[in-house]
Amino acid sequence: MSLHASTAAEIGRGLRAKKYSSVEVAKHFLGRIERANPGLNAFVTVTAERALADARRADERIARGHGGPLTGVPLAHKDIFCTAGILTSCGSRMLSNFVAPYDATVVERLDAAGMVLLGKTNMDEFAMGSSNETSYYGPVKNPWDTGKVPGGSSGGSAAAVASRIAPVATGTDTGGSIRQPGALTGLTGFKPTYGRVSRYGMIAFASSLDQAGVLAQSAEDAALVLGAMAGFDARDSTSVDAPVPDYAKGLERPVKGLRIGIIREFFGEGLDAGTGAAVRAAIDAFRKEGATVTELSLPNLPLSVPTYYVVAPAECSSNLSRYDGVRFGHRCKDPKDLLDLYRRSRGEGFGAEVKRRIMTGTYVLSAGYYDAYYLKAQKVRSLINADFRRAFGQVDVLMGPTAPTPAFAIGAKTDDPILMYLNDIYTIGANLAGLPAVSVPCGLVDGLPVGLQVIGPHFSEERLLATAHAWQCATDWHRRVPAAYA
Amino acid sequence: MISVKFFPLFPPGALVTLTRRDVENIAHLARLEITEAELPVYVSSLSSILAFVEQLSGAATDDVVPMAHPLEGQVQRLREDAVTESDRRESYQRNAPAVEAGLYLVPKVIE
Amino acid sequence: MAREWETVIGLEIHAQLATRSKIFSGSATAYGGSPNVQANLVDLGYPGVLPVLNREAVRMAVKFGLAIGATVARRSVFARKNYFYPDLPKGYQISQYELPVVASGAVEILLDDGARKSVGVTRAHLEEDAGKSLHEGLGRMSGIDLNRAGTPLLEIVSEPDMRSAREAIAYMKKIHTLVRYLEICDGNMQEGSFRCDANVSVRPKGARDYGTRCEIKNLNSFRFVERAINHEVARQVELIEGGGKVVQETRLYDPGRDETRSMRSKEEANDYRYFPDPDLLPLSLDDAFIEDVRQGLPELPDAKAARFAKEHGLSDYDAGVLTASRELANYYEEAARASGGKWKRTANVVAGEVLGRLNRDGLDIQDARITPILLAGLVARVEDETISISSVKPVFEWMWDHGADADAAIAAKDRRQIKDTGAIEKAIAEVMAANPRQLADYRAGKDKLFGFFVGQVMKATAGKANPAQVNELLKRMLAGP
């Protein structure tokens, strides 16, 4: 089997079985990146020398018998994670000159697991977007159809793994930015419980919503990488101090008896027919395997998107104030006074969507509007959280579509922000409630992938991974690769 | 399965239209330069975003506690009072656009 | 016709907490380092960094709350105060807004006329300090030093209960003493560890509503606070009496010109857009935590002064002087105990001689050149009449200059009291012989001249004659044969 048809887990096993060396594996993927990236624009920075150095170190470890399941396995990091000595752009002109002086905790941990860094992937600017069209570095193309978007904001990571120019990649999910691109590119996109993975070194967009996760080929890959990333970090006050289970061990849990809830509000207007059919078929398949399926109403869930578009911009308007041209990042030329320094550095450094969200956030926090907007939104957030809690009192997992449609054409929705925001209607709820969720491929509609979303209660990563794994043992959607990249 | 309209759950209230002045004020608070040409575009898109989120006003939230964190019941951890950092100024200031004698430079602020 | 005006003052004090590391990062808080060597990634507001709260800063805030009899909030929340300024790296300050860690308490102040007044403390909350801007020597640029950014501050807000600059000073001094007693702040105003902003307004006497207030910022000495307030009151009264209206604004005190000026850079009303900081979870304090802090509280200044007054018989005033700092109070008490409980005498020597000398030499009590034990020795020599009261000062000064004990000083300065009856009679006889007219006048009935004779005898004996014996013998000898 060629390396790029292998999952990360398979590569790991192959390395330990001495079928090939880490250096060979690294060179293989670096070669693929070199050929494919110009057409996909998935990578902002390719770290060839670093990859080979990592690979050599990994080979030494394996030779000494100290290799783990991920040692020597190549990986790409979304360009939102600080990587010491390497450009960390966050997809923005504002940080296009920013060489991070430190590693994010996620980067440290995956490095410690022996993974080999291929490079930093393209993303929507400051993680704000659902199509990877707002990047300073240009849009990312969907490997399934390069005229279409890969989804966002982790579009670069998704495109890289979907085209198998990287076996696995990290992403972040604030409103669906791992799951939605996962669905649009046929990948297993996993977002853990809020607080499961450290946010230290992960450039902040909306602090109470951001979580790091994985764009992977399979549940097994997601389990391995998540297991290495997760866990308490004293540098992050929102990091949860709870032990990390061995996710890979827990994959074989049977599906029989699983209580599945389907969210009535997710199957209404706005859902593309083909997507809806594929998702329903998948849920039916679970029923045939012995799961019970109940329809539930989460009546406040339709308010997820407006809630999100008050809370997230509010938090980001504050998080992005540090970008002022003083200590790092873009600075305008010849500022004539302090006000000019701020206005022009920020005006030049940020793109339109980022500016829109900063201004929305500034407005909803401002005097006279705080109660009506921000406070109100946080209250509705409580209602949504309560809906989920009630649902999980009756079922083990919730299932539904990840995205309302398959991948759409580049440029199709960039004129209308609201239209773009509605790509996240099914994913945002889990972020608001801090719940873990995964998208797994469940079909193709007109040749484009469609994802099934599974949402679980807090800290139910094991059950979600097992559910995804069971699906992937019975189907092969996750093994499909666009012909051009096979 | 009953087909349910997903949006909008509540019809929007008074349509929110921002004025140029509003957007200029917001842009100033956020220290963002918006050009003359860009201004009407932002007035329009911000107005439609605010109109979109108006839906929230219809939700019944009396006596609902706002949810600031998904980690309900979790409280702030306290750190030991110990110095753990050393001087890394040289490394950190490599990224600085304008530095002199270890100080970050900005146009003079008169008080 | 000039109206009678009432001044209304509230003070906001920022006390830098004396923790080793910053409130949200592990950087050192030590003063005076080279620019930006004590600013780590968290202090610099780098992309991706996060705050983690310092336990000691919380303990210090709770200590203060308990010391002023305030409610310590079981649950408090950190909020972001958003504004742009170069010394504020994140573009927001982490502070506390709706739910501060300490809710209302009060302190008692001693007024000039000896009366006591209670001044309310509305709240005290934790927040991080900003960096510093340097404006000299950089051409058209300012230089930003972020060493101070992230140092913990306790912001103490008083009720607008003060009615004069003197009251404001008394309150400020009380808080200053208290934070030093609690060892939560070193109170060094020159270094900026204790800063005061004053909110000043005036209203016609008897009016119920408050007038428009102005905030006067960064007053870093007691003297400046007093002058700035008085100047501001005068300015506002003159403005109103001239038909104008006071504009709510922030003003800076210029000590060189003794006037307040409007601050141009803070002119616009700032919308801080406060919201709970999503990177920090609510601060939860249980009974055990608070009790643990309470156990560690020292005897507070008011209690200590009351104890000195009650148990040592000191006046309220003297007790107040001696409890101005814990170190001074400890010095006094140690010396007094070593002297065998001679409270009043020791108090007099400490307040009179020790404080006087420290003041002259510009030193603190910690730098005293005489230990409490040595001082007790001096007190003992007065009590046992080895020296008289008038010898205390020269003996003390010699002890201080030479770091010596009382006996060495008494010998060196030859200050032993003369108690020999014969010697005193001899001196008296000489004085009587030298002043025949006064003697005649005294014997004729001018009793007041007794003091003159006492003075002459003391002069003749270089102040060493025992005063009681002088009195007794003089009375007898002046009375005549």
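The first chain written gets the first letter, and so on, giving A, B and C; residue counts start at 1 in each chain.
We adopt the following convention: a residue touches a chain if its C-beta (ideal position, glycine included) is under 8 Å from a C-beta of that chain, and two chains touch if they have at least 3 such contacts.
In this text the structure is predicted, and so the values were computed from the model without any measurement.
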| item | value |
| --- | --- |
| Pair of chains whose C-beta contact count is the highest in the structure | A-B |
| Most widely separated chain from subunit B, with each centre as the mean of CA atoms | C |
| Rounded Å distance, subunit B centre to subunit C centre (Cα mean) | 43 |
| Where subunit A and subunit C are represented by their mean Cα positions, the distance between them in whole Å | 58 |
| Centre-to-centre distance between subunit B and subunit A (centres being mean Cα positions), rounded to whole Å | 22 |
| Sequence positions of subunit C contacting 2 or more other chains | 41, 44, 46, 52-53, 84, 86, 144, 271, 273, 278, 280-281 |
| For subunit B, residues contacting two or more additional chains | 29, 31, 68-69, 71, 74, 76-77, 79, 88, 92, 98, 104, 106-109 |
| Shared-contact residues (touching 2 or more other chains) in subunit A | 98, 101, 208, 234, 237-238, 317, 321, 324, 326-328, 338, 342, 362, 366 |
| Residue numbers on subunit B that touch subunit C, as the complex places them | 29, 31, 68-69, 71, 74-85, 87-89, 92-93, 98, 100-111 |
| Sites on subunit B touched by subunit A in the complex | 1-7, 9, 23, 26-27, 29-34, 41-42, 45-46, 48-50, 52-57, 59, 61, 64-72, 74, 76-77, 79, 88, 91-92, 94-98, 104, 106-109 |
| Of all residues in subunit C, those that touch subunit A in their complex | 41, 44-53, 80, 82, 84, 86, 89-92, 144, 271, 273-275, 278-281 |
| Contact set on subunit A toward subunit C in their complex | 81-82, 88, 90, 95, 98, 100-102, 104, 199-204, 206-208, 234-238, 314-315, 317-318, 321-322, 324, 326-328, 338, 342, 362, 365-367, 370, 374 |
| Touching residues on subunit C, where the partner in the complex is subunit B | 19-21, 25-28, 34-41, 44, 46, 52-58, 77-78, 84, 86, 133-135, 138, 140-146, 252, 263-265, 271, 273, 276, 278, 280-284 |
